[in-house]
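Just below is one structure, and these are the notes that go with it.
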């Protein structure tokens, strides 16, 4: 575009290399390297366990990363516990469908307080260790750019995802399509049963503090003072 | 009795008149403050209650967390930038704009680097759009969880954004628009947030590389000095601290489009790349946690929006959805923008169930909880756009409820 | 040489690349700040130059004075409330809204008193409007006087205002709209500013008793908790700290409509009650006091507005008015509201004279200085809406000039 | 309007009296009372002169109030100096057409640091004194609600004003009418002579401080640093 001559310049190869760190499910962008489960355990215990727990089970700073998957899931590629409504919480390994997602995210964002500090080999290693914790990879596994496609075939939830929906604003994934949920346009004597089935217990309202102090001091309505401080 | 739960009513004025009229206050009989006490001003001290807030216990850390905009106290459609909701994954930064760079790479003739000086030199547009987090109202999928509309719906804001259409930059880099149907946007903060954007939306000219928000630069909490604006799409795609755009032939399956911001269906599958914020609305006054001071006339006010275009109609019910009336829409009604609605209502002091239901130009109608859960169950976390119900009790107290 | 007057150009990046790309900054490799560091946020520390400012020597006191909005640094049409221009006659106050009252009296069936609680209960509207001081650009009637567009045109701002149409209150009081063709608005501060407003404009529903500005309450400097909004009319009529509205059958000849805000004609007569802000525009970038950093492409950006309705066209000249091109107008173009315009321009490094000329839906065309002075002379002080000229010198420096 | 029952209430007579203080040119709203020029001098010297000068001539806090009018002006009702382009500044008495404007404004807003503190009689007195300073009223004059209409007939600029213009957004004053100034719609080879006739001298730019500090630090254009601090 001659129109904007002098605006912007070509990036140098070193610049692109420095920033183009993303890794796709087809492994475009994946740098060569490798790391063992054993080395991964070392990295994990040094740099990850303090937040995520020794077994990736902690929810003190974030949801547990590991748990809820089974050997059967590794076979089927569907995490069975996701079908249960009584299963408490969802771990990362229950949800993640692509090993590239884990690899890419750990490389770019973890450790949380020192993102991008891991050498490439350690990213392989700690990813392998996480998958070992979830019984996806054996303890003697050495993950590398050459065998990662095999690892993908063992991801417990690899078949548990879909893009069939109307919420992608492009023509891919089968196009925008028809929304799955339909509201009603009834205006008069509609068939709704206005019965209150869910309501906050008073103490849960107070869990959000004094609502009187969360509303403007003037206006047609005010914030509700805490229970027990109500003025008649 | 009406207003029983409220703070005490003002004492009736003495017969000769209200002392606030009869006795001239200091501000009527004195000399006030000079100009430019503040080169950048701030709200009245009496407005201190109007703040963005965290929901206690919602997140385990404060850097991967959210703060909610006080919708119950806002007017019109513009969100003051100081009250814009926050969502950070690895904390916010105040980045030196003279050192910030934007790279365009991937399926392009030549990868490019732009400085802020250069980006701000290109032709820009300014457009009003809402931004809503995909997790807004997420706490309420299963049952009522929070007391006020700040917490139920406050991951929502609306601003006038100024920036360069991303398509201009892709053209300058010579992007392959035939093969490159996907775009990756990447941030410069610790999380280096990445999201896949459809080229379709970029080609339409709607996606902006934005630096301006409500007339000034973006706020640090909202991505200063550069963020992507992806109208109609959930906030996580509006990548903050934007440092890189890559053109590709496949989606990236990043953590925040395939592990989070995914919708768990009753059959245990996760929907990925669910991006559009579907048509939704909420009554902001009266709303949960408030108390009506008196019986009589009220103006029911609220906000409606749609990620698919313009809002065409908003219906309001005061009897829990049995009967509806079309609300007034405040113009201009803009594309993928908040629309303020209002309806006259006279409160007779009896319990009432207030609801609003929005429609958009695609023909979509906002669903009830029953309709939404009928398809998606109760475990989706994201994209809860069900009709909200507020119960007005005889005391004047308004409560967050769900009907069944 | 282009940019000679500017700060030194950034050193060219080393061959392997820009260190700001190659060396990851702290914000990419660390953990940022938590949510709600500020319940009400503020701009980036790098934006500290963007401030409203006084013009030294313009007024003899700081309480009867003005501060100017930094138009050269703003985007779009919304003025951030913290940068809204100020004009006080007796200083500003932060008034307790629970003690503020509005009285309606005069030619009404019954004089009325309203509290803020009551006013905020009535049906409201939200509308985007510009507000311009009648004295904006007043220093430039005779000759160039100030260096930048902050000082030439910065008594101008634009906000989304929310409030009750005044006509609603007049109807509630039973106003005599037949006899009462004039309305007095009165403030509660020391100056108790009074201005006469035509009933015609009130009846149209355009005049608002406003409490909201850009989504939040008015700022104290702008009249918190209540001000009159009189679209298209000069700012002094937008009475701040509004305490009283009187309906009458004659105008009031208040100080600020018959002694100030009057236009001195060449024959020595003063025009009184000159209220409408006529169609006007200004290029905000590039503008006076700035320096272009380089030759090549620029987007000329500016603002246009009219007190008579919508802006229909803005023409831009880069050769001092010999040739003009129609600029792009950013939608939505709203009634009595700022409209952002832009035009592509490639600067060849030669001196250029930049001008903009706006037209409105009444057919009015913004005049040149020669045309304006031909009728009104040079001593009017108020209502200077002449075409502004910026001289771009070879050095890249931009200067405020007038042509003859 | 039954629609808004319960919103707003009737004002009491005392309330209207407290706030309805405006005075119109037809003297609607003028309270009864009186004050002498002599008493006015006392008030002036106690409460006004510190800001406006003993003779109303000071421009230290505001433009001079007095000056520029003549006995001939009192006769004609037109201030001659307003026609001169060489007359420096314009005083209040040169411009004000109605005595009510002065009276109303002094009552509501002066003294500036103690507005509304003057008793009604003192407003009469000090207004009379100001007019005496301008040779409009004799030194022994006692102004009151009964003779104020006579005073109006002596206001120096009472005939110097007009409402014939197109800038009143109502139908009064002869209606909005046709604007007085017309711009040009010429688009090509227009007859303008682009000669710069007015330009700030460099020091005047610096009078507004360092413009580099009044512009954003990034963008296609920056603020100009002060003269002498320019970097090549």
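Should a chain be cited, it is by its letter among A, B, C and D, assigned in written order, with residues numbered from 1 in that chain.
As a convention for this text, contacts are C-beta pairs under 8 Å (C-beta built on N, C-alpha and C of every residue); 3 or more make two chains touch, one makes a residue touch a chain.
Bear in mind that the values here come from a model prediction, so they are computed numbers and not experimental data.
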item: Shortest chain-hopping distance from subunit B out to subunit D; value: 1
item: Cα-centroid distance, subunit C relative to subunit D, in whole angstrom; value: 22
item: Separation of subunit A from subunit D, taking each centre as the mean of its C-alpha atoms, in whole Å; value: 66
item: Whole-Å separation of chain centres (CA-atom averages), subunit A against subunit C; value: 46
item: Per-residue multi-chain contacts in subunit C, two or more chains; value: 18, 21, 28-31, 46-47, 50-51, 53, 61, 63, 73, 90, 97-98, 103, 113, 115, 117-118, 121-122, 190, 192, 217, 225, 293-294, 297-299, 344
item: Subunit D residues counted as touching two or more neighbouring chains; value: 4, 7, 11, 15, 19, 112, 115-116, 216-220
item: Chain-level touch network, classified as line, ring, star, complete or other; value: other
item: Those chain pairs that satisfy the touch definition; value: A-B, A-C, B-C, B-D, C-D
item: Residues of subunit C that touch subunit B when the two form their complex; value: 10, 18, 20-21, 25, 27-47, 50-54, 61-63, 65-67, 73-84, 86-88, 90-101, 103, 113, 115, 117, 121-126, 160-162, 188-190, 192, 211-212, 214-217, 219-221, 224-225, 241, 293, 297-299, 301, 330, 332, 334, 340, 342, 344
item: Partner subunit D, residues of subunit B touching it in the complex; value: 13, 15-18, 21-22, 24, 28-31, 97-98, 115-118, 120-121, 217, 225, 294-297, 344
item: Subunit A - residues contacting subunit B, complex; value: 1, 4, 7-11, 15-16, 19-22, 24-26, 28, 59-62, 78-80, 82-85, 90, 92, 95-98, 100-101, 104-105, 108-109, 112, 115-116, 157, 160-173, 176, 179-190, 192-200, 204-205, 207-209, 211-225, 230-232
item: Subunit D - residues contacting subunit B, complex; value: 3-7, 11-12, 14-15, 18-19, 112-117, 216-220
